[in-house]
Every structure is written in C-alpha cells, then in structure tokens.
Amino acid sequence: MKTNVLILSGVLLSIASSGFAQEQSKYPEPMPMKPQMSEYWTPQPPVITPGTTTANAVMSPPSDAIVLFDGKDLSEWQNTKGEAAGWTVHDGVVTVNKKAGDILTKQSFEDFQLHIEWQIPENIAGSNQGRGNSGIFLQDKYEIQILDCYNNETYVNGQTGSIYKQTPPTVNPMRKPGEWNVYDIIYKAPTFTKDGQFRTHPTVTVILNGVVVQNNTTIIGTTQYIGFPKIIPHGEGPLRLQSHGDPSEPISFRNIWLREL
Amino acid sequence: MKTNVLILSGVLLSIASSGFAQEQSKYPEPMPMKPQMSEYWTPQPPVITPGTTTANAVMSPPSDAIVLFDGKDLSEWQNTKGEAAGWTVHDGVVTVNKKAGDILTKQSFEDFQLHIEWQIPENIAGSNQGRGNSGIFLQDKYEIQILDCYNNETYVNGQTGSIYKQTPPTVNPMRKPGEWNVYDIIYKAPTFTKDGQFRTHPTVTVILNGVVVQNNTTIIGTTQYIGFPKIIPHGEGPLRLQSHGDPSEPISFRNIWLREL
Amino acid sequence: MKTNVLILSGVLLSIASSGFAQEQSKYPEPMPMKPQMSEYWTPQPPVITPGTTTANAVMSPPSDAIVLFDGKDLSEWQNTKGEAAGWTVHDGVVTVNKKAGDILTKQSFEDFQLHIEWQIPENIAGSNQGRGNSGIFLQDKYEIQILDCYNNETYVNGQTGSIYKQTPPTVNPMRKPGEWNVYDIIYKAPTFTKDGQFRTHPTVTVILNGVVVQNNTTIIGTTQYIGFPKIIPHGEGPLRLQSHGDPSEPISFRNIWLREL
Amino acid sequence: MKTNVLILSGVLLSIASSGFAQEQSKYPEPMPMKPQMSEYWTPQPPVITPGTTTANAVMSPPSDAIVLFDGKDLSEWQNTKGEAAGWTVHDGVVTVNKKAGDILTKQSFEDFQLHIEWQIPENIAGSNQGRGNSGIFLQDKYEIQILDCYNNETYVNGQTGSIYKQTPPTVNPMRKPGEWNVYDIIYKAPTFTKDGQFRTHPTVTVILNGVVVQNNTTIIGTTQYIGFPKIIPHGEGPLRLQSHGDPSEPISFRNIWLREL
C-alpha cells in the first residue's frame, strides 16, 4: 500500500517513487522511534470557559454548503474499503461504531470551511488519550484531535484543538461531557514543488466553541503517531473521522457541513 | 496631524518623516484622484442565505475575552477627541449617534479575534452606499465594511464583508434589516521594515453570519476612500466604529468582545 | 483577445468570463485614470555602490539551467506574434531593436530563478523614464523595471528594482552606463481561488548587482501603466523583455538563464 | 544556563519560564531520542555543476554592508565566552581553530542578507559528517550546514545547503576541495505569540555558488542534533560559525559581509 511504503522514509522529506526499492539497500533508514518521543506535556494551555447559548441551539447550514450529515443518513460517507459507512445514526446524530472503523467522505476537497459538532457521552470513562478519543483528518492527512479534555490532562500536542503531535491549542475551551462541542475549521491545502517538498504549507484556523485555538497555523507535515511529520505530496482529499476504538462509550457527531473556498 | 501629513504621499509607500517638507518642493505629487476610480461593480458576489438559529440567540463571551460592550455602557469606548463616546445605549444595544462621530476603544490591540453583532434597522431607507453604512477599522487603519447589502447593490469592493476598496467578499450572506448580523474577525497585525514597507502584511479572516467571506486575505494597505491604499507604519491600535452620517435610520451593535491572540 | 477583455475591469478583482458583456451594460465602470496618479516620487531609495569584480567577469550557467541566451542566437525567443525575435545579436550580446517590439521566451514557466545581465549604453541620453527604459515581465504579467537610474531620478515605484508602479526597491545599487548590471530574480507564481482572487500571491526576491532590493515582496496584481493592479487568473507564462521605444540608444542583454524551482 | 533549561522540554513548544521546576515533577518528559532518528538518506538531491568564474574572483561588499571579515582581523567576532575569537587569520582568510571553539559576531541582527565564502582544504580526509563539517547559525539558532559534499554522501538533511536536520537542499552544487564555495543567505526572523509559538516562522533563501537550494523555506524550529526542532522565543541574535572539531584539516572563510534588511 502506497502510504505504508512512504511511511518507511522520512520526515520533512518526500519520497521519490522510482527506484525506491533499490535505494533501500544502499542507504540506512532512520532509527525507529517510540510514540512517547513526540509527546509534550508542558506548558498546559489555560483552561477557559467558552460562551454558552440556548441549550442545543443548532445553526442550520448556509445555502451554499455541502451538507455532509443532516441527521438522517450517511449517504455522503464510506468506510476505508469504499463500502457503506457503518456508524450508527439515531436521534439526529451519528455515533461511532468501533467495529466499523474510520469513515471518510465520498467527495474530496481542496480548501474549505468545515462545521462539525461532537459530543462526549456523559458516562465517559478512562483517562489521558483513552477518554473520548477521535479526530478529523483534513484531506485524509492532517489530524485535528478530538478528545475529552474536560478535567482530563494529556500531552498538550494531543489535546483537543491540537494539530496532532505538532501544535497544541492556545487555550482549552472544552465543554463537559454531555454537552455539544463545535469545531469551525478553515483549511488551506498545500502545494508541492517538483522535488516533493512543500511549495506552500497547509494552514489551518481552528475555532472551538467560538474560540480561536489555532490561528492560521502552519502544518509542517502529516500527523504521525510515531516519529516526525512527513511531507507526502497529494492532491484533493476526503475528510476522515476516526474510530479510535477506546474501551469506553463512543462519541457522537451532528450538523456536519462544508463550504469549498 | 500625523495622519494627514502621511496621507499626502503615497500608495504602497511609507513616508520618511525627516526632511519631508523640503522634499515636497522638489518632487511632484501624484495626480489627485476621484472616489469612483476605485469602485468596481463586477463581478457581484453570489447571494447566499446564511444559517438561522433560535431568534435572537446570543452566545455569551468566552471567559478570557475582553468584553467591549455587554449591553450596559460604553466605558470601553471614547470619541475621536478622547472624550466620552456619545452613542446611545438602550435595550442592551448601542445605536450610532451621528452627531457624536466615530467611537474608538480605549485599549489598543495587536492580533485578535473580534466578535461583534450589528443590526440594520427595519425601516432603513436609501440605496447604494447610502443605506446602513458603517464600518469597523482594525487598528484604526483597515476597514471591514458594514452596509445593508440585502437587496441593495453597490460596488463590490464596498459591500459588507469587503476590505473597503480592496477586496470584495467571496459571497453575500447578509440577513435582512431588523435581523442581527454577526461578524467574527480574526486579524493579524503587520510588521514593517526599517524602510517603512510591509515586512509582513496584515491579514484578516472575516466570518459573516457563520460564513467565511475573507479567507486569511492579505491587506495591501490602508482602506482609502480616494486613491491607492497606503503603507503607514504603526504599532498597536484601537478598534474604531464608524458613524457614517447617512440620512436614514442609524444602525445598532451588541455583544462586542475581543480576544488577544 | 482574452487579456484585453479582462483589462476592462478592475483592480484587485478577477473577472468572471461568462456573461461579462451583459454585465457591462448594467453596472458602471470605474472612472478612468491617468498614469501620473500612480507615480510616487518620495522617499527616494538610498543610492549605494554595489560590489565590483573583475571587469566583465561572467559566471557561466549552472548545469541544470535552461540557457535562454548564450550570446549566439535567439532560438529560445519569439516576438508577440509568435514569429522570430528581431532583436540584434552581436559580440555575444543581444540589443533591443525597437522596430521589432517585445520578445518572449518560447517556453513558459511557473516558479523559477532567473539570471540576466543588462547594459545601459555609454552614450545614453534622455531623463526620467525616457532613459534606458526596458523591463522583464515575469509570466508575462508582472514587470521588474529596467531603467538607467544612475544619476537619473524618477518616481520611485518606476525605478530599476521596482515592481513597476507597485513597490520601490529598498536601495539603488545601479552601475553606470557602459557597465553590466546583473539581476538575479527568484519568483514564486500565484495560485487563484475559484472566485478569481489570489489564493496565494505571487512573490519575488530581486537581487541587483549582488544586493537584495526586493525581499520576498508580495506582488499585489499586474503592473499597470495606468490605474490599479489587476488580478487576472493565469497558469504558467513566458518571460517577456520590453522594447520600450525610447528615442535614445537601445540597451543590451547577455548571459540569460533560468532554473525552474 | 537558559538555553539548557529550555532544551529539556520540547519540540514545537515554547517553555513557560516561571514555575518550570515544579512542573518537572508533575508531568512526564518526552522519551529521549538518538541522533540517527532524525537522519534521512533518501532521496539524494541531484548533483549539479555550478557556474564558474575567473579563478578566485572576489566581489567586494556593497557600500551599505556591515563588513564582518575583510581578510585582516576578527574584530567583529568573539568566542562563546565573549573573549577574543581565536581562529587563525592568514593570507586574507580565516581558518577554524578547533581549540578555540565556535565564534560569534559581536553584533546581533534581525532580517539580513549574508554573503560568506568558504573553502574545504584540498587535503581533506574523512567521510560522511566527518569531512569538512562546519555551519552557520542564523541568530545563533538555525543552522545552515557546511560540509564537504563533493563526492561524499551523507544524510540529505545534513548536507551542505540543508537547514540542518530539517530540510535538504533541492540540489547539490558543491565545488571540490580547494575551490571556494559561496553562500548568499537571505533570512527573515520569526515573530512569536504571547504563548511562545511562532506567530510568523523564520524563513530562509539559500543560494549556493549562484544556485538557489532553499527557496524561502519555512524554518520549523531550532536545528537540533538530537530530536525535534524546538520553538524558543528570541529577539535579535548574532551569527555563529561552528568549530566542529573534526580530526581532519580545518576549513577556511573569507569575504564575509551582511546587509540588514
């Protein structure tokens, strides 16, 4: 699989596809790493209280949005094999089904504005990264983390609002389990040089519960669980929502829409 | 006044302060211009319908915001002479008083996230730029236009959502008179070279009624009614709200807060 | 011709191509302007003396360069009609022939590093813009000015080293007529939104005689003789060298090469 | 020492200085890493031949440059203890003295254009990173690598022209030992948010022997021998030239000058 091959090589580098197998034998590979090498716990972002509005007030999508989930069905989504998305639609929301794996939009996108709401269940259990873990992969490459960070500390570049294992959020405006959190994400896709480096980096502004937590942040590569970010040239790509497989209760989403910019 | 002197010279240039008077006599000035030279009517941005929410639902400020107007008083504001701001506070909103002129925040800012809500009165009259005209000057230099653009055409770089006389909004998501429009503005201040040019340009993302209408747009200079944008080196600056002096009913504001980024 | 149509509309705007003729009749056009409205004479950049090296030392192109002129022929160039370029090759240099008009590279480019040397003739006459005037149009859209600015004042955004009628050079390191000036230009092409605005601006670094005079400067639109810069979406484009038609002696070029970045 | 403390914490993070000791006891540190984890050997940049000019032609500095070394003395330099710089001046060049350690400019800088020439001795020995190793630290933080890469392979993000352990050069235009290599480096300093993140990243354009090998590349943090780049807020800083302590012959420098931009 293409991505697996690419992952063998490196950070901040693109991979020449031709002749790669031969080069494997001549040149050394970077020494393997552990996840804990890229986990930073300090300084913890300040905890703030976001604004409140009428309980469960939901703003409808603008008329030029692509509605990705309106509470009724997952017709805009599929699983990683291109089959029907197996998450559970009920009561106007969609809930992660860990057996069904990640789900991706059928459509691919370049620059966009994304609105997505998500809820940590009231009876969430676990701690650190094992508590309400999910994530939104922009263009299937760059993860904006989702985690219950309400009275739950973790490494700061793994908090909600972080570009996963890259840049922590400036503040922590999480709502508590049982309430709806809202992400408004403004994303600009990268361009690449002929050499496979970034010609222009991807950038992202993340607004969580009305609070800017990433301000046109430069994304420096893919968001790797282990090791350095990678530069992997790509064109348009889908959104991916992560099924993390935590042992506790699964999280839910609603009111998902996107405007191409 | 410093600004007046600077305005004599030009676009995309900074002004060396020393010896300026002498240079006046030796070098020609750019030929004067008319306002209509920088007014572009095409292409008109698509009109879209923004999302709707519970009538008059107002989201409270986050806990780390500087509240600039909470419905009670104008203690955070002053007029252009540094005196008390003379606009009218009533019913939890503040309404322009055209005799009182523009109002400015007492505090100055660099980078920020601004939330501000504004309402065109239901009985608005007039047309083109003479209909609900106001504006928000970021750092007292760069105007984000406010105008009733609901069934009211004007030059596109003078519409609501435009960086005035520079960049039109990508779409027109205005609500109709009597409803509240919401601006969420994310602003990054410029830096300047020793020569008075932009070292890094100011940039702005403007979200109007939940819809991105400026996506990290490069601001190319001050927003001039007549002629070219100017590059005027400056440090931190206040917000200014414009009293445009239209003959019709004045507009109102509410729920103004700002987070320094 | 496509470009002519686009030029009718405006600055900082892109032009929707469909239905444009109809819109002409409904909306006003911006009021016409004069060239002198965009000519700024102050502050004049400091005059400095660039480094000197062995007389007529020419560095050969690197091995991965596209050699555009090696002193022998104009086989890489054509005139604006796509015919043979009619400038005069002699003594290892090429001299402007004003009857032959501008010349363009046959190849088109995106991002590049350009090296080009040029000489104002020793017996140059005239003053202001009428003295050794030429220019290099990057992607046939954005002019880096060429002019004899050795003891010849002009408006600063029309000097050698300026992005024409946009941004003046930070200093003036011109060599005198009869000596060779050297431009090293590093250019990054723009990308555009679906609405025809800049998604990312073109940028340029200009090194004149070894001295940085534009430092990754943001280009704000096409370089217009009259009026505001325009935003005209485009893909790759050729280099254009200007035959300005001055009444005095024509300028010469040598050692032109380019590396695609 | 301030820098040592900061180095304890992490990548892509700034360090709150107050209360840091206490936090040490509560939160885990990232797991230690090895140098080989950030060494990438593929793809190797293409080897190209740079231009040649008259042997030993040296261009004199422009008149507005700060001359840092003109062949006579090291009066603009000091060692890491603020004492006299102990490298060897002879024959118009300065040669590394490994016992004397690194040398730094006495002056500090923000944005600049730097010109510096360096020579690998003809009788160089060793291989990989142990062959003519030195480096230029911009603002004492970000290393542009110097190494004999003429017929000497190493990890690509450690080659001459690389931002050390970050971004490899696009090509390899090294001259052979005994010839002079020329770096022209255009650097823009970072700005930082109040939270200690990059507000704007540092960027660098590197021209090696007349060939662009870094094109306004985004620097993502300090250039660490071990582990991830760090974000360490700083103001202006000096240049540092590295005494690497290789067992072989030391390298030499000449004609060093800088223009503040």
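Residue numbering begins at 1 within each chain, and the chains themselves are lettered A, B, C and D in the order written.
Here is the rule we use: contacts are C-beta pairs under 8 Å (C-beta built on N, C-alpha and C of every residue); 3 or more make two chains touch, one makes a residue touch a chain.
Since the model is a prediction, treat every value here as computed from it, not as a measurement.
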{"item": "Comparison of A-B and B-D (more C-beta pairs in contact)", "value": "A-B"}
{"item": "Identified repeat of the C-D interface (over half of residue pairs identical), from A-B, A-D or B-C", "value": "A-B"}
{"item": "Distance between the centres, which are taken as Cα means, of chain D and chain A, whole angstrom", "value": "35"}
{"item": "Geometric centre distance via CA averages, chain D-chain B, whole Å", "value": "44"}
{"item": "Chain centre separation (chain A, chain B; CA means) in Å", "value": "34"}
{"item": "Residue list for chain C, restricted to those that touch at least two other chains", "value": "111, 170, 188, 193, 215, 261"}
{"item": "Complex interface listing, chain D residues touching chain C", "value": "46, 48-54, 57-64, 111, 113, 115, 170-171, 173, 184, 186, 188, 203, 205, 207, 209-212, 215-216, 259, 261"}
{"item": "Chain A - residues contacting chain C, complex", "value": "111, 188, 191, 193-194, 199-200, 260-261"}
{"item": "Residues on chain C engaged by chain B in the complex (per definition of touch)", "value": "9-16, 20, 23, 27-34, 36-45, 156-157, 166-168, 170, 193, 195-198, 201, 215, 217-218, 220, 227-228"}
